[in-house]
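A, B, C and D label the chains in the order they appear, each numbered from 1.
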Amino acid sequence: MTTTDQPIDHASVQNQMTQGHSPELDQLYKDFAAEHLNPLWTQLDDLMPEHPAPKAVPHVWKWSRLYELAKRSGDLVPVGRGGERRAIGLANPGLGGRPYVSPTLWAAIQYLGGKETAPEHRHAQNAFRFVVEGEGVWTVVNGDPVRMSRGDLLLTPGWNFHGHHNETDQPMAWIDGLDIPFSYQNDVGFFEYGSERVTDYATPNFSRGERLWCHPGLRPLSGLQNTVSSPIGAYRWEFTDRALTEQLLLEDEGQPATVEQGHAAVRYVNPTTGGDVMPTIRAEFHRLRPGVETATRREVGSTVFQVFEGDGAVVIDGATHSLEKGDMFVIPSWVPWSLQAESRFDLFRFSDAPIMERLHFDRVHIDGGNR
Amino acid sequence: MTTTDQPIDHASVQNQMTQGHSPELDQLYKDFAAEHLNPLWTQLDDLMPEHPAPKAVPHVWKWSRLYELAKRSGDLVPVGRGGERRAIGLANPGLGGRPYVSPTLWAAIQYLGGKETAPEHRHAQNAFRFVVEGEGVWTVVNGDPVRMSRGDLLLTPGWNFHGHHNETDQPMAWIDGLDIPFSYQNDVGFFEYGSERVTDYATPNFSRGERLWCHPGLRPLSGLQNTVSSPIGAYRWEFTDRALTEQLLLEDEGQPATVEQGHAAVRYVNPTTGGDVMPTIRAEFHRLRPGVETATRREVGSTVFQVFEGDGAVVIDGATHSLEKGDMFVIPSWVPWSLQAESRFDLFRFSDAPIMERLHFDRVHIDGGNR
Amino acid sequence: MTTTDQPIDHASVQNQMTQGHSPELDQLYKDFAAEHLNPLWTQLDDLMPEHPAPKAVPHVWKWSRLYELAKRSGDLVPVGRGGERRAIGLANPGLGGRPYVSPTLWAAIQYLGGKETAPEHRHAQNAFRFVVEGEGVWTVVNGDPVRMSRGDLLLTPGWNFHGHHNETDQPMAWIDGLDIPFSYQNDVGFFEYGSERVTDYATPNFSRGERLWCHPGLRPLSGLQNTVSSPIGAYRWEFTDRALTEQLLLEDEGQPATVEQGHAAVRYVNPTTGGDVMPTIRAEFHRLRPGVETATRREVGSTVFQVFEGDGAVVIDGATHSLEKGDMFVIPSWVPWSLQAESRFDLFRFSDAPIMERLHFDRVHIDGGNR
Amino acid sequence: MTTTDQPIDHASVQNQMTQGHSPELDQLYKDFAAEHLNPLWTQLDDLMPEHPAPKAVPHVWKWSRLYELAKRSGDLVPVGRGGERRAIGLANPGLGGRPYVSPTLWAAIQYLGGKETAPEHRHAQNAFRFVVEGEGVWTVVNGDPVRMSRGDLLLTPGWNFHGHHNETDQPMAWIDGLDIPFSYQNDVGFFEYGSERVTDYATPNFSRGERLWCHPGLRPLSGLQNTVSSPIGAYRWEFTDRALTEQLLLEDEGQPATVEQGHAAVRYVNPTTGGDVMPTIRAEFHRLRPGVETATRREVGSTVFQVFEGDGAVVIDGATHSLEKGDMFVIPSWVPWSLQAESRFDLFRFSDAPIMERLHFDRVHIDGGNR
């Protein structure tokens, strides 16, 4: 199990293998192409790098710009059957203009004008919404109307019908997260149109899923079968905020509760299993005390953050990016990053970690501790 | 795989096998005994009945009597190191005076006088407390003080140090449930004394475990490792009551939420897995609307109920037993039972179902529907 | 989490709690009895010992005696419907004459005369047979005839119909292992008679289960559903012997393969899960090189061995018992034991370890290493 | 949950959303591009099709051509450090010349001349080899030399060092399967060079992994920890052939054993779990009786076959492709296919099914039965 001591000049070695340029070799490569073949030795470095070498790049999108463009879309582009959603995808600059925030994840700002309805449909792709500001929209998931308010995480797991309607005269915007790029790339997607309108225009404060499932440590006897995705349609801000507050208070009392000093965090989970909310997407919420800087981490898999409240920065691969409310950023696989809090700093996070863990590709490297 | 059409006269057959009463046969049985052997054919019916034939019998204990005797014990018997707890076990009349409410379960009323302390210890046996009335005691579990109030379920899973102290001048009584008979029978118990006093006399409203874990659908990132038993030390009545109320409201709205018409129920679960709170004990809370009668069920395994509030009855094996607040009753394995609610009828339930399910002995037979 | 420094004189403390002998106290204990109650403080030490204190004792049964008594039973006691089996249970001397080799396990020698048939039945109890010598009997499990030969482990998991028939003119004896005591104690047993004869008198060399499942690392596409118990009806000696031989050869080559120096061992497993063959019973085979002595172990749970071949001894709780082919012995919970090999020493082992592990009561303590 | 009755003219609807061609709209799209944004409504149909619409196409590669080109590579291209392997990847004609047989899978023919060595390395990507003909090469996996012979499946799960050496004077060719495209696309790959030579030139008939693990239903006590991938380095043809033979014999006896009439099949599994051999790749072997035609299936995920022996055809999306020994073909996601056997028809199969199942994207549709 020894490893070589000196770095290998791959280009040179591969040149040896390919560079003869003899007529026979030229003919061989022509024949490969004609037979739909492609030799490994000409492209090993690209295909099998020493560590993940993502084409996706780190990038920050400013909420002020996102919101302004979404608003203009609201004025110019109708929402309805066919286009389905007024959703504007974040297109990673390294991924050739495709609407992929990373190779696996879709992230978008969605905008719904006053009194508008986005029609119902369902798809194999898993989806969620997170609300950084505003209220007044209900999303109807398999007939269950779910209120959307600031700080809430709303789920529409694969193959659940869903539509949205704005009860107010004011527009509302939020972010959508899905596994569209992964599904597209691996040919797993199904899609079906539903009602042109939502199937229930009721506007209850709490969805039926919440009323059945949002009681800590209690499981309804009518729901003893485990489910692939969480039966909770909405994770309310009130609970998230309280959980984070308690972690920091416990830390003040000298108790183990936070992930690192000054850094509280919760994962949204499926109460039937304690695991991730959906099979492909992890969702978390992080809170830093003012002045805290997290340890620098690298992780296999890609992750997206949105600032929920507060000011701070993210250091990605050595470059510092200032952040304020609503700003979104993506960190590709194995790129080192850390967060810095100027004020109390609240961030929503989602990632493809369940994919990595279920397929046993997950690795984490933590460079150091807190300052 | 055919079965015989006519019933077998086992006694007669077995007589044939054993009744020769020849001198040779007599000598054989003597030699069996001398060699510590025991033939199957003389006792098959008893050892391997056609269905469970428990020696334990159904029985009801009245809370008024339990409480009165506990109170007298409080006057006459000190609590402290050695006896450890002023706990009075329910002794199933079929089990020969042993303090076993069933072959697997221990149930007791525990009584702690004003200002008294029950010293700390730990044991492999899994334990819980449920509070039908009163307040003022804190149980300290591995150093975490947990308030005990009416309607709360408190856990002390195996091998956690725990003690109790009464902060008030008034006595308090509650019930204890453990797997003592199972542990005793199968020789799995370990026991260790701890502090003569509790290790923390603080009286917080909420324990650290609750503050970290009682946020629905949220898991602390500092607690991603699954635990054998629930990390929640106290399941509060407020949450249980709300969950049951919502189930009945949803039923009123025509939504699937209850286990059967007019019968709401929750299971207390370990939030890290969605499964039972402890490896050997299941805990549930049931609420019936006035006038409801549940379907008659038989289940493998034994179960204990305590009436929390309201009036009604339990029909066990055809016999009806009237019930009021605090009354406790046991249903042995495979004995048919149903509940009848006169008023709104709230009951706490615990059982050995996790043992049966994990070892794949579980079976349920439901005779019919509601009236 | 401190523990007391000096040992507690429990008897004295408990005397204080109970010994007042005041008329009030006497009356209290009378009232307890009348109400079917039993206080903890009078019996804590017995019920909740500091470590498992089994009533079962270690014991060795000599195969020569077992076989001789079984043979005499064959002459004197018929086999047939009602008594069902000519099985003679090992009765642990500590368990009051009950046919329990331990609190959880039944072990017996079963004897079937030439041309005899033991009729079909099924039961919730899990069962196996192990053959220390002889051949000529087929056991028919759910209609699949399974040859029984020296060194084979045969399974009849819970609720599978099974009967046996002797194809030859010679008697045959083997051992049976079941979870009868556990099932009896916890009231989980069901029993149903089947055919008076076996349903298939064919005598194939290999059962259908083996032909479908006994190909290492290969799973039939017709059998992708996991099963609670192993679908393999017979684990053949040829495979067991080869596996043990290879482990010792690998050890000779300096490779990690044995559990400890000179001690090869395999566990029989369910190929659909890699776990134990049945939910309540673990089965293993151990081979020691001549001269090897295993480390002394204590384990929660009880275990039974049968010597398959060779001479040696077992040291149980400090006492050495010589062993030869066919001898059986039981080790109760938490009693220390080790094996000593005079010749190459082959032993079959079964235990209740799956119960302990699934309920998280398992603990192991290993005192030292090999000599 | 209604669905629209008449098909939607998406193009038309989307045109409405995008076609205004007002200067404001033009500016909006320009601003989207400048901000790295991409609206959903212009590309919904492509991104989220009604069912999987793979860019990959079905394709057949003839073994005679593959082998001839591999042989010419053997004459012209050296094997060694840098290029690492003389492996020629099958490039799906729909995937733009990339060496991807499907979006998730790599399939290649690898060729090693007499006395050649392919140096050791390891990578996060999971790999296997299957041998359609030839012998004389040993692959050394983490220091364990594994013989390669016709019909064998050899595993090199992620992050195991491995190299190959040809012991003979004759060249040998086999196929490699890996999850390279999946790993590349999702940025999960790690790669490390090992020894320039293999670390052990021994040529045992059976590897240590086989000697420890290839005993049906037996697990070494030294290997009780479950492993992510199978500990078996080689699945020998002898066992595979016997398992398939037995299934067809059992079918002849009227027993359930095959997946459909005349179609025997086994899945290669990890004996520690009963699940797939590696987290991302499923491997199976199928045998059809002469004249059998399988039911037409569609499955989410992509699959590759190689004919091992016999003549027949595959019908993919209605087109029939004749097949003979060594021919390889790929079936992209959700494309219908069935197999037809002229002679006895043996095929090796591998697929990305574990990815689909672990992420819950798996769906199967079976059109009909056998002819």
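Just so we're on the same page, a contact is a pair of C-beta atoms (placed from the backbone, for glycine too) under 8 Å apart; a residue touches a chain by one contact, two chains touch by 3 or more.
Computed from a predicted structure; not experimentally measured.
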Shared interface partners, meaning chains that touch chain B and chain C: none
Chain separated most widely from chain B, comparing mean CA positions: D
Chain B-chain D separation of Cα centroids, rounded to whole Å: 52
Inter-chain centre distance, chain A versus chain B - centres from mean C-alpha coordinates, in Å: 44
Multi-chain contact sites of chain C, meaning residues that touch two or more partners: none
Pairwise touch network: line, ring, star, complete, or other: ring
Residues of chain B defined as touching chain A within the complex: 208, 211-222, 224, 226, 230, 232, 235, 239-240, 242-243, 246-247, 249-250, 255-259, 265-274, 277, 284
Chain B residues within the chain C interface of the complex: 1-4, 8-10, 12-14, 16-18, 20, 22, 24-25, 28, 31-33, 35-44, 47-54, 56, 59, 61, 65-66, 69, 72-73, 75-78, 80-93, 97-99, 103-104, 108, 123-125, 142-143, 158, 161, 180, 182-196, 199, 228, 279-280, 300-302, 332-334, 352, 354-356, 358-361, 363
